[in-house]
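Order as written gives the chain letters A, B, C, D and E; numbering starts at 1 within each chain.
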Amino acid sequence: MDLGQFILMRQELLLTLAAVVVLIAEIATSEKNKARLVPFSIGLFALVTIIGFIPGQEGTLFGGSYQSSPLTMFMKNILNMAVLIIFLQAEGWLRKEENLDKISEYFILTIATLIGMNFMISAGDFLIFYIGLETATIPIAGLAAFDKYKSQSAEAGIKLILSSALSSGILLFGLSLLYGATGSIYFADIAGKVAPNALIALGFIFFVSGMGFKISLVPFHFWTADVYEGAPIGVTSYLSVVSKGAAAFIFTIILFTVFKNIVDMWQPLIYTLAVFTMTLANLFALRQDNIKRFLAFSSIAQAGFILLGVLNAGELGMTSVVYFVLVYVFTNLGAFGVVAAVHNASGVETISGYNGLYKTNPKLSLLMTLSLFSLAGIPPVAGFFGKFFLFTAAAGAGYYILVLIAVLNATISLYYYLRVVKAMFIDQNEQPIPTFRSSNAMRLALVMCVAGVFIIGFASGIFEYIRTISQLFLN
Amino acid sequence: MNVFLFYLFSGIILICSLLTITTRKILRAAVYLLCVLLATAGLYFMLNYQFMAAVQLTLYAGGIVVLIIFSILLTSHISHRFKHPDLVKLIMGVSTAVVGAGLVIATLLSHSFQAGSAPELPVDMTVIGTQLLSTEKNGYVLPFELISILLLAAMIAAIVIAKKDKNKNSEI
Amino acid sequence: MTGYAYTILIPMIPLVMFLVTGLLGMKWKPIVSGLLGTIGMGTSWVLSLITAGSYFFGGHHAEGFQTIIPFETTWLRFTETLHINIGVLLDPISVMMLVVITTISFMVHLYSLGYMKGEKGFARFYAFLSLFTFSMLGLVIATNIFQMYIFWELVGVSSFLLIGFYYTKPSAVAASKKAFIVTRFADLGFLIGILILSFVTGTFDFGKLTEPGTAIFGSAASMSFMGISALTWAMTLIFIGGAGKSAMFPLHIWLPDAMEGPTPVSALIHAATMVVAGVFLVARMFPVIHFQAPDAQEIIGYVGGFTSLFAAVIAITQYDIKRVLAFSTLSQLGYMMLALGVSGYGGEEGLGYMASMFHLFTHAMFKALLFLGAGSIIHAVHSNYMYDMGGLRKYLPITHITFLIACLTIAGVPPLSGFFSKDEILVAALHHNKLLFAVEFLVAGLTAFYMFRLYFSVFWGKDRHYHHTPHESPLTMSIPLMFLAVASVFAGFLPFHHLVTSDKMGFDTEMHMAVAAPSVLIGLFGIAMAWILYKKESAVPEKLAQRWGILYTATYNKFYFDEIYLFVTKKIIFNYISRPIAWFDRHIIDGFMVGIGLVTEKIAYQIKGMQSGQLQHYAFMFVAGTLALALSLVYFLM
Amino acid sequence: MIQGIPLEHFLIVSTIMFFIGVCGFIIRRNLITMLMAIELILNSVNINFVVFNRYLYPDQLQGHFFSLFIVGIAAAEASVAIALIINIYRKLQNIDVENVNELRF
Amino acid sequence: MNILTSLVVIPILTIIAILFTKGLKGARLVSAIGMGVQLLVTAVLLFSYLGLRKAGVTDEMVFTADYTWFKSLNIHYFIGVDGIAVAMLCLTSIVVFAGIFASWEMEYLSREFFISLILLATGVYGFFISLDLFTMFLFYELAVIPMYLLIGVWGSGPKESSAMKLTLMLMGGSALLMVGIFGIYYNSAPDGGPLTFNILEIAKIQMPVEAQRFFFPFTFVGFGILGALFPFHTWSPDGHASAPTAVSMLHAGVLMKLGGYGCFRVAMFLMPEAAQEMAWIFIILTTISVVYGAFGAIWQTDLKFINAYSSVSHCGLVIFALLMMNETGMDGAILQMISHGLMTALFFALIGMIYGRTHTRDVTKMGGLMKVIPFLAVVYMIAGFASLGLPGLSGFVAEMTVFVGAFQHQDMFHRVVTVVVASSIVITAVYILRVVGMILLGPIKDSHHEHLEDAKWFEKLSTVTLVLAVAAIGIAPLWLSDTIISSLKPIVERLAMAIPF
């Protein structure tokens, strides 16, 4: 194996390097200057993100354990961008006094999980996939418990780690059955041997449950709301966007490549999960008052929509899923950004606390509205395009009734998104959140989100590019 | 002999597993768990996977169980007996376990496993060592490296959580 | 043909006047609008007279009168064959109507200069008058039935506006609403009739419809609905439209209430012109009705006959002079309808048709005169009620004389015009239907009676306590009275049977003494009765009223028709249809939609227990979910 | 391969162990016991991998290595979980899972 | 730039310009200028369209422009207009223009108000020029959503719940629609070849009959909900009652027309066989709509409710006429759309102005307004007359065309329901006159109403614009009707060729 081939892994390697540099910087900075780690790390990460966009080659490493293609690189870039935005949004929070001694940990842990996700996406066998998955999960539990003065944060951490352990146990059990049935852990080998028999079905379902946990599909989603609510916002947004997005990517990839022989079997399964996920999540979201919890259920519902794209086991399905996640990154981070900004400035985390926000902070309210509309799939923002293409994919596979259910669910979701809009614009408040000015990093992050939300939809080139690379990947 | 040993280990595994989750004293649960793990190591020996068995003994039995026992000592009183489990949860747990086990076993039994025809690979330390550091197919250097990142991250995570808050000394 | 191009001006001048006075009137002194309107109307009148002169007398008409269309343009195209044209159609009846309308309208314009003086909204009044005149003219010169419908509606609206002229008076508002809605209901019939007719024949054009021996009905004969032929349906429905405007029973109820409008308006619209639109419509469609839908013609005859009797009976008991006149109008309109209903086609056979038109003409003159006279009286005593009047002959000499002439005319005293026209109708009825003849004969007597009851109680008897001495109206008001009186006297000598006939060919006719003599006698009898009862103040009418008891009360209350209508509209439509629908909509349909939302929300609260915060519940759900999926899938596979 | 013992017997043992673990996770109140239940689950998975490898596919060591890595990850997981449990204990003074329900509905 | 594209670009530029203004004065001035320009552009469009037709251009669509957007899905930004679209665009421009002036004194968050309003208009313009189902749908949703804020923030009464109901019901409609659009898309190339969203392309093929049967109801009802099709109309009374003046105007005047327009341009045009087969169901529903809406209006006491129910009735007539599927009937439907759009906008403008003075919309609490605010009262009466179909105003032209067209249908069932529908003209007269009688005429009921101020200049401008349009159509309908009919030919022919199966 030629060392030059490591260039295929450059995103992972760069991230590792970045983590190491942050670690060294942590050691090198004095106690007083800890706060400087924040811009340093963000800058470093921005560099990594930018380098990631240099086009790469298609190829495999380690005898097929690691595979890279423009599609996987693009997915990783999406995640990188998301993490960059999250870092920018977390800046204000990290600079708070109680977090000063944990700055580098935050960055290292986040980057470590990101490395795990990158490997997960590029995995060519279930071992890498599994280790990547765990790398992407276990440290997050630590992150979730970051706000140590809050018992909620601790609760979020413990709930996350225990549920994830159970889910990965079940996932592993499924993998063991698949191994038993096919005799390999390599995707390429398994794909050829997968057949619709009961053992493989069982293994497959256990696998889907494990993935369902990561993507938060009903009924594997229960941890989501609690953890999202308890965790610090910077972590919640990471969980809801990056972690979920990465899981959705690999889930789609595995379904489309490894299990493509049993499409007929998993489509009804995904169908059922999609219906339950959308409907139940929407029902739960209806009556939430905590905005993070609310966004948690909203993100579960969004996961249900993603499944619609998954149902079309072809280029269009892959394209629509990737495209949707891309849109979702900017959209959801826009919403979380506002939540974070408001929380940093006033500590408010409830929807009713947002009453009258427009009067005092019009720009933030507008941004929130845009994000929520995008989540609901309202034009002209990107969410509309994302949803439309997901539905196109599902309809293309003939699932018209599911599309109807999905769009009706989108209507229900509009109801609760509008509730937030209503709070900000319509409801009166004796003591609204006072006008405040967010940090520059936050503003930059929000501007990126707005730009993303507007550009991704109209710039069809992005969609076409994803389509091309999906085609390349699947053939 | 082998058969006897298998059933012995299996019996220990099953009974101790059951006891682990039913005993009302937590330290005993840890001990039962240790028994399970040891018996599993026994099975690995029987299957001629000595390395695996060794890892099981050192890492699992030696590492994790010790960790657990430490944490038990930190957080519980030895004499503390658990309350009986909630009836609802009991029904939930047992029913899922029974249904699940039934389903999986039925499926397993109905499946006709076919052994591969390829020649057996001898499992000695050289093979394991080579494969662990090989970059080819069936080489495990990448997972090996990856897990190191994971372990590092887990360590940092554990430290972050366990680190005492500088500002808030009131807690413990 | 092009020689008549100027006729387009006849309706256009009032339209322009409407726009000018309507938009700018409030900026000027009121009188300017009045004068402008009057001058405009006068011009139209002159033009109409010129038209009539040249049309009727400007050449020999051995071949019958030509139908002339000096102007026509497509207004709206539905299909290749069906299009609404707007144009001017000149034939005997339309030319006659032009004269009637412009004459009366001009008189009313003139009269109103005095009558309406100082009224708030003087300019508005003239604007509306112009609008009405325009609409009415447009109606009569319509070249096709749809144009007629258009102006028909416009006429309805102008009538609405004028009845409700005193818009702050609730009774006026109610009356205008009633008039509009009742006629609107009838118009629906008209519209559906037009739809059927156009479906059957594929044309709206009067020329094609009324052409003798036309082939367009060829396919129509076979069409029927519910056992009745399509054309009978069409014609009956169209007649309903006409009946609405002409206030035929049972759609008559709006007319008496319409007297809430200013008296000149009553004279113009509710006596002379608009109410005869229905008669005109039937006359216009006469060949179709007569040849294609004889059943419909029967209906027209009987409805006309019944209405005339019914209204005459009610008129006897009314005290409001305008209402008496209104019921008298109803009665006379019944005459005209009846005449059309009993008429044949062509020559002597078409006597009824000719008589109807003749009566329309004379009636317009004398009824307008009566109304204007009544206006003059009301102007003088500021009351509408007979019991506030008496002995007015001394104070209002001109009014008295002209009113007397009018009464005599309507009573059919020869040689006044009413005598001739009514006589022709009776003859036609006698030829056709003895029952109808008997009714009309009776009505002739009743008419004379109630008109002279009115006359005697107003002008004779003893003085009442007037707030100020009644005085004769100004010249602007008395000139029209005098003019119309003259017209009423001499109109009877017009050779209508040479001019306005069913087949546009003149025919010769003569006095039918066998009919004329008894009818004059019964008229005189009626006058005599009135003289006995009402010449002097006496208790006899009171006693008679008491003796007849219930019958009198019923008659006085117009046989409770208003109440029935009120019941239908208020109770049935409002309370039993609209209210339940509104309720149904709010509670059932909307309730269902809202219910979906509520149920969703309810479910959302019901299921919140699933998210209990208990990690182990979550774990159970997780595993149970997995197993459920596994069970179903494995089962599905096996 | 062990003479006289069919593959299925191993699998049955591991399956039962797996579900005992699941059951334990659901019924035990103590967070540490739940963690132990997880260990049971992972252990059963390990047996599966190893047994499949030995019985069916002895030409390579994929299952073997998979188990090996699972053990490593289990250790990492356990360490973080225990840190978190201790963290909870600091907040709540006990480690009963039923008290960890501040976040709900 | 294509003149049609400029119709979308101008509002967007206006919105951007409003962003740079401060306060009410700037915002309304910029809006008025922007929409005034828009009105001019529409007029130019109208005349150039008529010019093209006169010059003998017989293309089905003119001013077309086609840009590929999402290439792999064959989504295009494909625009073009025929006579119908031009007419609808004119309607939109007029109503929007009037709407801006009707909200001249919108003090509260004025910039935001005008932005939302113009955003709504942008969606409408985009919808009418689109010939690609995707862009059409995009603009459709774009038009619906600002409604929520417009009603919720600037409305009155139970505004939040009304806004929510309206938005959700309309989005529910678009859910059905979306399924329909996908169905059309995936059946747009039954013989192989690329799938397409292009309406003109799809119109050239025949969609498989089974697919039509399945997707026609989705599409039709989806659009029908926006067109207040019974029984999916209940968003309309609440929404209109709570909406601020200009929004009611735009919504009832223009937005509801999107429903009718979509019904024939998409549902019926692309799936003619199914349309023929299922028409009877919707004919019954619309017949109910027409009569039921009118009866519903009689009982109401809130002016806006009356008008909302009246809209249900009138919009029902639109769809009813469309389903007659002959030239005249459909011509009537489109005339009715335009006519209703204008007069209902006028109504809502007036109601808003009256409400602004009397602070009540309860008809039982007002009276004799003719005396104090004659201008508004007279215009209200004109609007009322237009609504009840007085000749010389647009309502008559539209209704008569509908009735004549419907009655020309060869099938007895159609003619019978036409008679039922025609009876609504009487009921309409009842509720219109009831209102006119109660609030405008009679004595003044409330002494506070004795010294009201009559219309200000911008109110006059707003209402007079609409009155002129109503009267123009009413007096000289021929050119409009002919323009529409000539554009209807391809649609009618396609429907006629579709043999019911």
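Note that in this section a contact is a pair of C-beta atoms (placed from the backbone, for glycine too) under 8 Å apart; a residue touches a chain by one contact, two chains touch by 3 or more.
As the structure is a computational prediction, the values presented were derived from the model and not from experiment.
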Legend entry - Graph distance between chain A and chain E, where chains that touch are linked: 1
Legend entry - Where chain D and chain E overlap in contact partners, by chain label: A, C
Legend entry - Middle chain, criterion being Cα centroid separation: E
Legend entry - chain B and chain C: spacing of chain centres that average the CA atoms, whole Å: 101
Inset, instruction - State, to the nearest whole Å, the distance from the C-alpha centre of chain C to the C-alpha centre of chain E. - result: 36
Legend entry - Mean-CA-position distance for chain E and chain B (Å): 69
Legend entry - Inter-chain centre distance, chain C versus chain D - centres from mean C-alpha coordinates, in Å: 96
Legend entry - Residues of chain E touching at least two other chains: 168
Legend entry - Numbers and ranges of chain B residues touching at least 2 other chains: 89, 92-93, 96, 100, 103-104, 107-108, 110, 113, 116, 138, 140, 143, 147, 150, 154, 157-159, 161
Inset, instruction - Send over the residues of chain A in touch with two or more other chains. - result: 127, 131, 134, 138-139, 141-142, 145, 148, 157-159, 162, 166, 170, 180, 183, 197-198, 202, 225-226, 412, 415
Legend entry - Complete list of chain pairs which touch one another: A-B, A-C, A-D, A-E, B-C, B-D, C-D, C-E
Legend entry - Residues of chain A touching chain D in the complex: 126-127, 130-131, 134, 138-139, 141-142, 145, 148, 151-152, 154-159, 161-162, 165-166, 168-170, 172-173, 175-177, 179-180, 183-185, 225-227, 229-230
Inset, instruction - Using the touch definition up top, name the residues of chain E that touch chain A in the complex. - result: 69-73, 75, 134, 137-139, 141-142, 145, 148-149, 152-153, 159-160, 164, 167-168, 171-172, 174-176, 178-179, 182-183, 185-186, 214, 218
Inset, instruction - Going by the contact rule at the top, pick out the chain B residues touching chain A in the complex. - result: 103-104, 107-108, 110-111, 113, 116, 134-143, 146-147, 149-150, 152-154, 156-161, 163, 165-168
Inset, instruction - Would you tell me which residues of chain A are touching chain C in their complex? - result: 158-159, 162-163, 166-167, 170, 196-198, 201-202, 205-206, 208-209, 213, 218-220, 222-223, 225-226, 265, 268-269, 272-273, 280, 283-284, 286-287, 412, 415
Inset, instruction - Quick one: which bits of chain B touch chain C in the complex? Just the residue numbers, please. - result: 89, 92-93, 96, 99-100, 103, 107, 110
